[in-house]
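Below are two complexes that have chain A in common, paired first with chain B and then with chain C.
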Partner chain A sequence: MSELLRLTNLSLTYPRQTAPALVDITLSLVPGEKLAIIGESGSGKSTLARAIADLQPSGTQVSGEISWPAFGRPAQPGVDYGMVFQDPGSNLNPVLRIGEQVGEAAQRHLGLTWRQAEDVALDLLKKVQIPQPEAALRAYPHQFSGGQRQRIAIAAAIAANPRLLIADEATSALDTLVQAEIARLIQSLVTSEKMTLLFITHDIALASQLADRIAVMHQGKLVEIGPAQTLITAPASAYTRHLLDTYIDLDAAPRIALGAS
Partner chain B sequence: MTPILDVKGLTKTYRSNGRVVQALDDVSFSLAEGETLAIVGPSGSGKSTLSRAITRLVGVDSGAVQFAGQDWLALTSADLRRQRRQMQMVFQDPLEALNPRASVFSAISDPIRIHRLAPRSAWRAEVSALLDRVQLPTSLLDRAVHEVSGGQRQRVALARALACRPRLIVLDEAVSALDVSLRARIIDLLIDLQRQEKLSYLFVSHDLGVVKAMAHRTAVMETGRIVEIGPTLSVIDTPQSDMANALIAAVPRLHRGPSQ
Partner chain C sequence: MSALIRFARSPEGLAGLVILAVLAIVAALAPLLFPGDPLRIAGTPMIAPFTDPSLPLGTDRLGRNVLAGLVHGARASLIVGIAAAIVAVLIGSIVGTLAGFAGGLIDEALMRVVDAFQIVPGFLLALAFVSVLQPSLPIVILAIALGAWTGPARLARAEVLSIRERDYVASARIIGMHPLEIALREVLPNALPPVLALSAVIVAGAVLTEAALSFLGLGDPNIVTWGSMIAEGRAVLRSAPYLSIVPGIALIATVIGTYLFGEGLSAMLSRREQQS
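Then we have the complex of A and B:
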């Protein structure tokens, strides 16, 4: 199967910066796979997502190549890939009704009339499990909780049936319960809509639950990439090992002396 | 052991546009000296309102708080100003909690000056000692708060809280925004400080992994009520409430394999 996306020796330096934000990244994404990119603050993981989505600020120096073999042409935002960001507030226009913002992509990219686009928007709201979807079409973003806004942002991102969904820390601002719901939603949509997923997160455990493969970024470099389970159980790099060793989850032992209180 | 903090029947209702939200519904618990109590729950469960009510950032409708042997909610504002240094708070985002343009030195020395905890001639030595305790180099003293990294800034916020020589620190999602490796270091630092000073922590968090790492006891909140409270390991290993079960099931886990 031909690759969906291929990055070849991608390097990137932001305007007025001397240190590169991405250094010589080579990786590819095959259709239908779920790739998580993990790293700490400043590792370059969001820069990488934005470079793929062609969202870098003007004046950014880019070298290397981003190609889309499955399309045989540059990818179109909205049509070929949809993107969801961390802050559900900034994903949505606060003064636009939900029906308009979810329908806009369908209207614009699929050449539908507004009437048809509204039907598509309704279907999408059902798909992302917004309660009372008919009423939601006429509501505004502030009338929804953070988790529901993120569902609406996902609906808008997939309105034109993109092949690739890019989620940039899309669950990080949500509480644990809602994070788990949104992660499940993304997972089931990617399967049912036959999408490919690029999931950017700082949380290696979340990445391991959601993704087939994990890429580890550190200081702008791709440190390691491999199948999720292999990377967790037998990491090749010292940095990944360090991330795993310092990760605190429910399987880690308490750090306090118990019985002392 | 007499508790440092004893909370009884806290109730708080918010009203907006005819909607009534019961943010706190008859919340009671106590916290011993040197103990960490975690407050966990989903967004909107009332955990932040609880920490704000205890620190007197919001008023309550009814209930009582005994802190360090005083009727805390009955203190007049003048008394509260004098007493408040004993109960400090560290928030999730230090950039919102600290003046970004202040120097690290003034961020930490402000409480020393305001509460007259040391003569002016001793401020610099005092602040250096505090930086040392939170494992920051004294070379940061004259840097602006906005210039230092996120993890350093959270340690400045902690040093500022420690400058007050508190007996209780309310940590409201204080480690949630930090990178994993840094989070582990700050947790170890908090545990060390607790051991040295018999500090008590009220640790508000939605991250049960971190709660397991550092809290002796855990209270689970849902719609303004404590639905479960007990030793952290019992709550995590044998949860009794639906909410505790749901929270535990939602925590991402690393399946590290049989060796762990």
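Then we have the complex of A and C:
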């Protein structure tokens, strides 16, 4: 099967920066797979996502190649990929109605009228399990909770049936319960709509549950990439092992000593 | 709906609204209250106010009804004030949005144009503009807007600089929206609230500028305005000061009403900001 996306020696330097944000990234995505990219803050994982989505600021130096072998042409934003962002407070435009924002991509790319796009938006809102979807179409973003806004943003991202869904820390700003719900929703949508998923997160546990493969990034470099299970149980690089060791759960030894000892 | 309730709860906003509403009603009903040309002779010249019940505010030195002039003058003041503010906010917010959103060279170029307009005093600019062209109502409106659009432009640009980094703008780019469409549809409406709060100040300023222009004889000569009434009264200032004082009070009331209304407006908008 031909790859959906291939990055070859991708390096990227932001304008007025000397240190590159991405160094020699080579990786590929096959259709239908779920790839998680993990790493600490500043490791370049969001930069990578934005570079794939062609969202880097003007003046950014990019070398290497981003190709979309499955399309045989440059990817078209909205149709070929959709993206969900981190901050549920700013991912929807506060002055536009939900129906408008969700239906926008469908109206734009599928050649629908606004009325048809509204029907599409209604279906999408049902799909992402927004309560009372008919009323939600006419509502504004501030009337929804963070988790619901993130669901709406997902609905808007997949409106034009993109092949690739990029989720850039889409669950990081939510509490654990809502996080699990959103992750489950993304997983089921990706499976039912036969999409490919690129999931950016700093949460190793979430990545290992959600993804088929995990890529670890550190200081702009791709440290390791492999099947989720193998990478978790038998990490090849020291950095991945370090990352795994720092994973906090309730069994872990406390790292911040309480009180003076 | 709740925004309207918040507006109604601010006392200054309510007071401003009442003053402006009275003025607007009077201005709208002017042809019914005082039919015919307010510049025609209505009685003997120089009747003092409150002496003749049929001419409650008296007449000026040509025998024209002062109250009729006042009522008809409210039309000119309000039309010029509001229209100039609309033109200024429209031009300013579009230029500011484009500058802030495009960034780089376009931003620099547009903001230098803004600078060029800002360093010339607005009144002088209006004066020059009107004296070069014919003094008619649209020209006066345009002349005042010419000096007032830079404030909204700067404000809109500053807002846009922060808004353009929000995720929904990136989302719009991902959808494949044209940058111009993103700027005008996604960014501009979000940058508007502070600009609208400023617009009340612009209306007040425009009313004053219009009065000053017609005081200097650069208003539309065919309509009666408060400024021209004050100028008319200046000749007999010592014997009949009321001819200048009465339209002056109307002018002050309008400006204060507009200002209070603006206060209420910004209270309403800022409380909405705090909420979200």
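We adopt the following convention: the second predicted complex is superposed on the first by the 249 of 261 C-alpha atoms of A that agree within 3 Å, B and C clash if a C-alpha of one lies under 4 Å from a C-alpha of the other, contacts with A are read in each partner's own complex, and residues count from 1 in each chain.
Operating definition for what follows: a residue touches a chain if its C-beta (ideal position, glycine included) is under 8 Å from a C-beta of that chain, and two chains touch if they have at least 3 such contacts.
Since the structure is predicted, the reported quantities are computational estimates derived from the model, not experimental observations.
Q: Considering only touches as defined above, state whether A:208 meets chain B (first), chain C (second), both or neither.
A: First partner only.
Q: Mind working out whether A:112 is in touch with chain B, chain C, both or neither, as first, second, both or neither?
A: Neither partner.
Q: Name the contact category of A:175: first (chain B only), second (chain C only), both, or neither.
A: first
Q: Please work out whether A:243 is in contact with chain B alone, chain C alone, both, or neither, and reply first, second, both or neither.
A: A:243: touches chain B, not chain C.
Q: Would you check which partner chain A:41 touches, where first means chain B only, second means chain C only, and both and neither mean what they say?
A: first
Q: Just chain B (first), just chain C (second), both, or neither: which does A:139 touch?
A: In the superposed model, A:139 contacts neither chain B nor chain C.
Q: Could you tell me if A:66 is touching chain B, chain C, both of them or neither one (first, second, both, neither)?
A: Once the two structures are laid over each other on A, A:66 reaches no partner at all.
Q: Touching chain B in the complex: which residues of chain A?
A: It is residues 40-41, 145-146, 174-180, 202-206, 208-209, 229, 232-233, 242-244, 246-252, 254-256, 258, 260-261 of chain A that touch chain B.
Q: Which residues of chain C touch chain A in their complex?
A: The touching residues are 103-104, 166-168, 170-177, 185-186, 189-190, 276.
Q: What residues on chain A touch chain C, complex-wise?
A: 50, 53, 55, 58, 76-79, 81-83, 85-87, 90-96, 101, 104-105, 108-109, 142, 153, 156-157, 160
Q: Please output the residues of chain B touching chain A within their complex, sorted ascending.
A: For chain B paired with chain A, touching residues are 32, 34-36, 42-44, 150, 179-181, 183-184, 187-188, 191, 206-210, 212-217, 231-233, 236, 246-257, 260.
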